[in-house]
């Protein structure tokens, strides 16, 4: 799991809790919570198809738990495969494909072994990459949307509270507490949007970019492999995708 | 119909109503409603041509009710057609075209049967896809616009209420209620924008993307069919457009 | 004229006036009007070249009054011309060109009659389309800018009013009216931006898109005509630019 | 000089001054000015390299004073040169180049005279155009940035004033004046951003577009000239870049 | 080091400190600082992978300290190398490559010496440029994100303070100070975002653009060198990347 997400959420909520201190009970108001949380869920249903709303939890889980292959390992694997191909021909990969966990890589290699045209392999892999990144971006979009829905519902809740309070100002001593309750929905909306939804949307985008980079490396590697390029040349090309610190040659 | 939209609207409005509780009568102020709803309609007329303003209801209805073909079914149909073409030639499709409900698919097939050039078929279908997506995006644009017009009219109404109230502050006990009425237009504008217009614009965009994806599948399928590609290869290509879970081969 | 704009403005301002009711005199404050309207004009002069500021009224008038050719009529005309060309050759258009009102179409046809290369005709028409759309977008840009300048000047006016009021709070009974006057500039700015400038910018953009579509149809039609395509094929291609409801064949 | 800028600034500031009237002394507070003006300069130094911060005044001066060639004159000149080339060959331009003030045009012509390849001339001129427009856009970017820094510093100043005031509320009569001073920084920030920085950024962008258009005309003209195109054809092509009203043929 | 950043920060904070004057102690509230600073760090952890959060300090240091080669020097070096190649052939660069500090330049030259195809050199260098600029933009993105997280945490802190204050309004004399403390978190957030994070994001972007320009010059220079172009032609091409003032020919 991505431990930073958990630590960050604990730190941020912890500090808010610390600032609240012994006043905590006045910050817990179930009806206010219902209007913000429930309302945000309702608006999400208006804004996205049912299937995607239900899938949102799964998508998030999968994305945060997803263990991404390290770029250097992927390159080392590709170089190793290229050496096999050089020695024993492309069909020698047949026995290797089964043990490759990365679905994108095994699909590309399988097509190469099946003797499909290099351009056809390219087209299909590019298209698949494209569609994967589109599907990922829906997740990030939904979190960005949640990050605007939650404060909106918070503001609506505060407006409700203000109107109710202003209708009934005969008892001056009740103004303060009424106002404080009215503000709670804005507070909940701000917490949810700024500590959870918006930064999580950011992390989903970063993850998606990282995965895309790995796919790009695999795609270029398979092109090179099918073209029968020298494994050293191929490695030099692929290492350019990594930051200098992470570059590690299999030939040193 | 898209049931999620209805459920979402009911949940969100229901929770707001629940938060208001017995104070409901003070939240209903017909003049305030008129300024926000009527004003928003007025501004829509300034911002969009008359024909589009009138058509907005129809467009929305059609979009929300529109039953989209499932990607897997479309691919299965295309593969079936490709097999027919392989066996009996392209003219064998003549008898099939009539029974195809999807207008976009039947138009493309008709052109193929008529013996038009593959590039001409491509050009016309691409252009049609382009124009359909442009027309769809006008609907989403209008809802996004409504989502900015409504809060603006709400703010204008609140300014009117504030100025009137400030002019006449001789009776302190009337300040609260006057202020609360002034806030109602802001409240209406926020409700309309955040629960209806903006999320609906989001759903229209998602729908449009989904329909575009189906069209893309059909276009690529017809290209493949005209080129006489092997149905298995064609299916492999087309399944790449779907998320892994929805992929289902006709050959298994 | 575009009647919707007029109706929309009357409806929106009418409803605001109705909400104000008998309080109208307190909403008319000439100095506040001067700071918002005059200031907005001043800022427009800072932001755009003099010639464009002066031309803004003309551009708007022209755009709102401009009678756009219906797409179906343009296509019918092009098909008719294509039939003439098929029968009597391209030079037969010579006598027709004079009676064509649409400048863009007559320019393209004249070049075709003059025997210019198809690619040269394309280049020149594309470039002209490009420049027309650039000039149009300046109009929309200026209205969008006015829509941000007006509320800014409104806010500046309100700040002036607030500072003056706060300097002189000895008489509590004058606070309300002073505050209400301070708010008037914000009110004026909001009215101008949200009922006039921003939606008008939207309509200018829609108009520009509609005109561009007509130009695109003309361009493709002339290409087809010069290439000597079958008028039926040409019509089929061009009708794809229109929404299904507006498509009407000359051959039925 | 661009007189509209000066007039606009005088009108806008004049109207604000008029609205302030005899209350002017309370609007002048040197410490508040320092925090907004000085702070904005400080933040500009954080946001842009030293050389560009120093150069900002020069860039602005140059851009506002810069006398742009009229499009029609540039076209007339190019047509004249094309006629010379037609009559006496490209080398005949040698004597003319020296008297051409526009650096971009003389550079392009010099390369043509030197006998460089048409594609090389194109590449170099395009690249130069690209870099000029990049350098121009930095100026507009800096003014847009100043337009966000100034209100931010204004808000920070107001927060300082509010905190100081709230700490010391024993004397109710001092609350109004303290609050009014706190608002002054927001007022200064709003004035600077909305009357100076943001509209000036807009004008810089318009200027840059106008200059780019002139460069585009020159580039296309030189291409045409090198290709030995008929001067009439060349003029027809170039006039398409101008709005219909400004088009004027040298052959009438 | 980039001295402007330091000066700017000192000026801006100094002026804020000056405006605060003797009231400084009331502006220092450790719990408020903790919620804003700690919370911002926490949210950064939610929004970015752990490795990038840890690396942010290093990246910033490196970027601000990084001494960029002057464009004119890079061009002079490339011209010198081109002359060597003209005289003694490409292999003569072997002895020079070791002494070139710029990694990007030495990598490109090494590939040229190794006799790789010009298109291969281009592809690899373009790709590397692309990846460098992507990595740089992550730094700017993180600072922009920090610039939105800090004010959000400030607002959350202020909401906490307001709710606590409103719950307990029995002692009117404590309202002012409580309110002032509540505002402090907003103040801290505004300071951090507007004086540090957002302008720093701007400088990172400018730096990245400058570095990219140098890389572009090197890439074009090496292409020219490999193609055996005349050093004078090469210089003319490269100088076009610099503003006119910085252009300096090695041949004068």
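Read from first to last, the chains carry the letters A, B, C, D and E; within each, the first residue is number 1.
In this text, contacts are C-beta pairs under 8 Å (C-beta built on N, C-alpha and C of every residue); 3 or more make two chains touch, one makes a residue touch a chain.
Every value quoted in this text rests on a predicted model; they were computed, and no experiment measured them.
Peer 1: Which chains sit in contact with both members of the pair chain B and chain C?
Peer 2: Looking at chain C and chain B together, no chain touches each of them.
Peer 1: Count the residue numbers both chain A and chain B use at their shared interface, divide by all numbers used there, and answer same if that is over half, different if under half.
Peer 2: Both copies, chain A as well as chain B, present different residues to each other, with under half of the numbers appearing on both sides.
Peer 1: Through what angle, to the nearest 5 degrees, does chain C rotate to match chain D on its C-alpha atoms?
Peer 2: 70
Peer 1: Need the CA-centroid distance for the pair chain B / chain E, whole Å please.
Peer 2: Between these chains, centre-to-centre, one finds 41 Å.
Peer 1: Can you compute the centre-to-centre distance for chain D and chain E, using the mean CA position of each chain? Integer Å is fine.
Peer 2: The separation of the two C-alpha centroids amounts to 25 Å.
Peer 1: Which residues, counting only chain B, touch chain C once they are in their complex?
Peer 2: Residues in contact with chain C: 31-32, 34-35, 38-39, 41-50, 52-53, 103, 120, 123-124, 127-128, 131, 135, 145, 148-149, 152-153, 155-157, 159-160, 162-169.
Peer 1: Spell out the residues on chain E that touch chain D in their complex, using ranges where they run on.
Peer 2: Within the complex, chain E touches chain D at residues 2-5, 7-16, 18-20, 23, 26-27, 173, 175-177, 179-180, 183-184, 186-187, 190-191, 193-196, 198-200, 202-203, 206-207, 210, 233, 236-237, 240-244.
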